[in-house]
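What follows is chain A paired twice: with chain B in the first complex and chain C in the second.
Coming up: the complex of A and B.
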């Protein structure tokens, strides 16, 4: 069964204009979805509908088997579907890393001994060993996002939603976060819904959704969508440099394959030579 | 100047006082505070001084650091002493210089109050120097837990406090950034009349406020997303361990309290 089912969802902040318009899609267990789109296209709004922070005006969202409009199950739902936000600073609540990772577990009423084990496991899994007692303000952006992810993993979630979680980070922080997300998805079978306007980041997903002015205009594997530059351009998205470059090379009669990142492009070119 | 005020600053360490349960330390300071002001017996006061010295010595705080921090606060003690010295009209006249008359009662009263205040400040400082703000908040939350029954939002207050502690450094960094940004735009904060200088801070405070509200909103959303729904049914990750040494310390301070009362009766 699908872990996330979005059916004909519309949402409006002011009750007049819809910023999410009749969106439908599903995400299976262990699947990695990238949601892309221009600033203001409604990505964050859609993301907040997935864990019931916002309730749709029309349509339904069912996450981990729970409908978001049921107040009885909303807390269970949020424990099973964690969310990482854009601003690393404004989502860490507690005075130390370990305390922060434990925050969700405390909310869930997990007994102390189990909580301790789970925090330790999450620290290890996210490569935060040695930072347990560090205060949040003395962490790098990438570390902060990994702490946020650790807090979610400790709850053993089925779904992780990342709302432009690496857009504020430096390249090293970005690749850190992406490595962690890859492991959580590919090894632990967690469904990942990654919101981003960086198509290079989206390239790794199983499916890529494109939002434009609140509407879902595409839902297909990234490689397929990279072949439709017009659609992406209309949505205000910029193809990764490697994809553009490969296209030009093809026009010149070379075959570099289909690289999506600069690294892959370089490798393809090296092979060619 | 602010960096010299050490009340509320934590000095990491592994001393006996550091190792005590924050609840024990809090109760001890409260007992001390109450019963120090009950008795005028010099022997009781001497015991209080001995307790304070013992606390100081076993806390292993470097004396220079401590002295530097407490100097500013000593002004308050001196001021209190002088106030009592000049205002008390009891006992025999010791000095009489024109409008200024000092009575023996003033000397006694002034010394008494000043000594009490000084001892209390030193002991309270020992508490904050050897306990992290987080442990302190935690200790307070647990001690105040029974007040829940009277609808005091203990958990919420403690959480607010701990979030405030978490964000103080963040806000300081932010203030610094804004200061620099405004300086780059030509603002000056270190010249001109006091009025001008104060005025210069308005363009710093406004963005700081706006950003803080934004932060608060995002933080609230993040907490909601992480399944926070109030204190009910919550468990605690931070555990406090009450040990024998805590009980002993409490007995010592309770003993002091009892003696202080007995010396009056």
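Coming up: the complex of A and C.
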């Protein structure tokens, strides 16, 4: 069964203009989705509908088997579907890294011994060993986002939603976050829904959704969408450099294949040299 | 505006158990009438340097020269009050500094504070808003009703309306989408090039923007400026970048990897798509270029 089912969802902040318009999609267990679009396309609003932070004006969202409009199950739903936000500073609450990771477990009423075990496991899984007693606000941006992810991971979630979680980070922090997300998805089978305007980041996903003015205008594997540059341009997205270069080379009569990354393009081009 | 920092040290909570040395006897200068970028890791001292350049912080050791002002550890705040109007700062997430009831009032606040009459302040505010691409019908809206991108533009208009000569930018495009980033960088460049004395110092992690827009790049590490080079020098020096864990711009990295993988010597300093493409094409067509 799908872990996330979005059916005909519309959302409006002011009751007049819909910023999400009749959107439908599903995400399976262990799947990695990238939701792309420019600033103001409705992608972050959509993300907040997935775990019931916002409730649709129309349509339904069912996440981990729970409908988001049911107040009885919403806390369970949010434990099973954790969310990391854009600003690393606004989501860490405790005086130390370990306490911060334990915060959600404590709220969930997990017994002390098990809590200790789960925190230790999350620290290890997210590469935070040695930082357990540090103050979260003294960490780098990438470390902070990993602490946020560790807090979610400790709750053994089925779904992780990342709302532009790396857009404020430096390149090292970005690849840091992407590495752990990759492991959580590919090794632990967690469904990842990543909101981003960076198509290089989206390239690694199984499916890429394109949002434009509140509407879902495409839902396909990234490699397929990269063959439709006009659709992406219209959505205010910029093709990864490697894809763009391959595109232009084709016009010049070369056949570089359909690379989605720099490595693939370089490999293809070396055949010509 | 000519800027020079000489043997400057600065620590937060100096002398205490939590002392954090931000700058450690560093010297660097920035020529007037140019677009300077400053790169380096979190904690390398970039933001501290920026705050010294507009007198928000005073050095604990050494001297800071900004235009006609000289700032030493002994300098009194009132002696550098005039510097504030010449040096505009755009901090990270400037939209957090919006406060007034309407967009136009918010942008007029700075000029009025500097002593401009209402009419003149309004003219300056309208010009700045037009420049940052905020349309007239938004002037009377609450700044908090604007979109994130518009809020940032309005906040930047508030800085430009004070007619600074020096603009200090801290990660001005963080969180913006590609189109928003580009138009913001174009805005800064055209502002800088309009008057001969206008100078920009920008902190950024976005090496693509740094390579395309900056005249010089200063590398900060452990509280010191360790290098200052033109983008085409810095970004083609793979060894130096590697040693200081700095990223190459996308265009340079693609060409660099292509050069390494193909073994064909080629010039890898290309900072836009067009140039990059012509280098790749030349390589494929067998026209080997001299590096």
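Criterion: the second predicted complex is superposed on the first by the 266 of 273 C-alpha atoms of A that agree within 3 Å, B and C clash if a C-alpha of one lies under 4 Å from a C-alpha of the other, contacts with A are read in each partner's own complex, and residues count from 1 in each chain.
Basically, a contact is a pair of C-beta atoms (placed from the backbone, for glycine too) under 8 Å apart; a residue touches a chain by one contact, two chains touch by 3 or more.
Not measured: the values here are computed from a predicted model.
When both complexes are superposed on chain A, chain B and chain C clash. When the two complexes are overlaid on their common chain A, residue A:197 makes contact with chain C while staying clear of chain B. Contacts of A:242 after superposition on the shared chain: chain C is touched, whereas chain B is not.
Residue contacts after overlaying the shared chain place A:262 against chain C, while chain B stays out of touching range.
After overlaying the two complexes on the shared chain, residue contacts for A:53 are found with chain B alone; chain C is out of touch. In the superposition on chain A, A:167 makes contact with chain C only, not with chain B. Looking at the shared chain after the overlay, A:105 reaches chain B, while chain C stays out of its contact range.
In the superposition on chain A, A:9 makes contact with neither chain B nor chain C. Across the options 81-89, 99-107, 135-143 or 153-161, chain C meets chain B in a clash only at 81-89, per the superposition defined above.
The touching residues of chain A, counted against chain C in their complex, run 38-40, 86, 140-141, 164, 167-168, 170-172, 197, 236-238, 241-242, 244-245, 248-249, 252, 254, 262-263, 265-267, 269-270, 272-273. Considering their complex, residues 133-134, 162-163, 165-166, 169-170, 173, 214-215, 218-219, 221-229, 233-239 of chain B touch chain A. Taken together, the chain C residues at the contact with chain A in this complex read 41-43, 147-149, 174-180, 205, 207, 245, 247, 250-251, 253-254, 257-258, 261-264, 273, 276-277, 280-281, 283-284.
By the touch criterion given at the top, residues 51, 53, 75, 78-79, 82-83, 85, 87, 89-96, 98-99, 102-112, 115-116, 119, 135-137, 151-152, 155 of chain A touch chain B in their complex.
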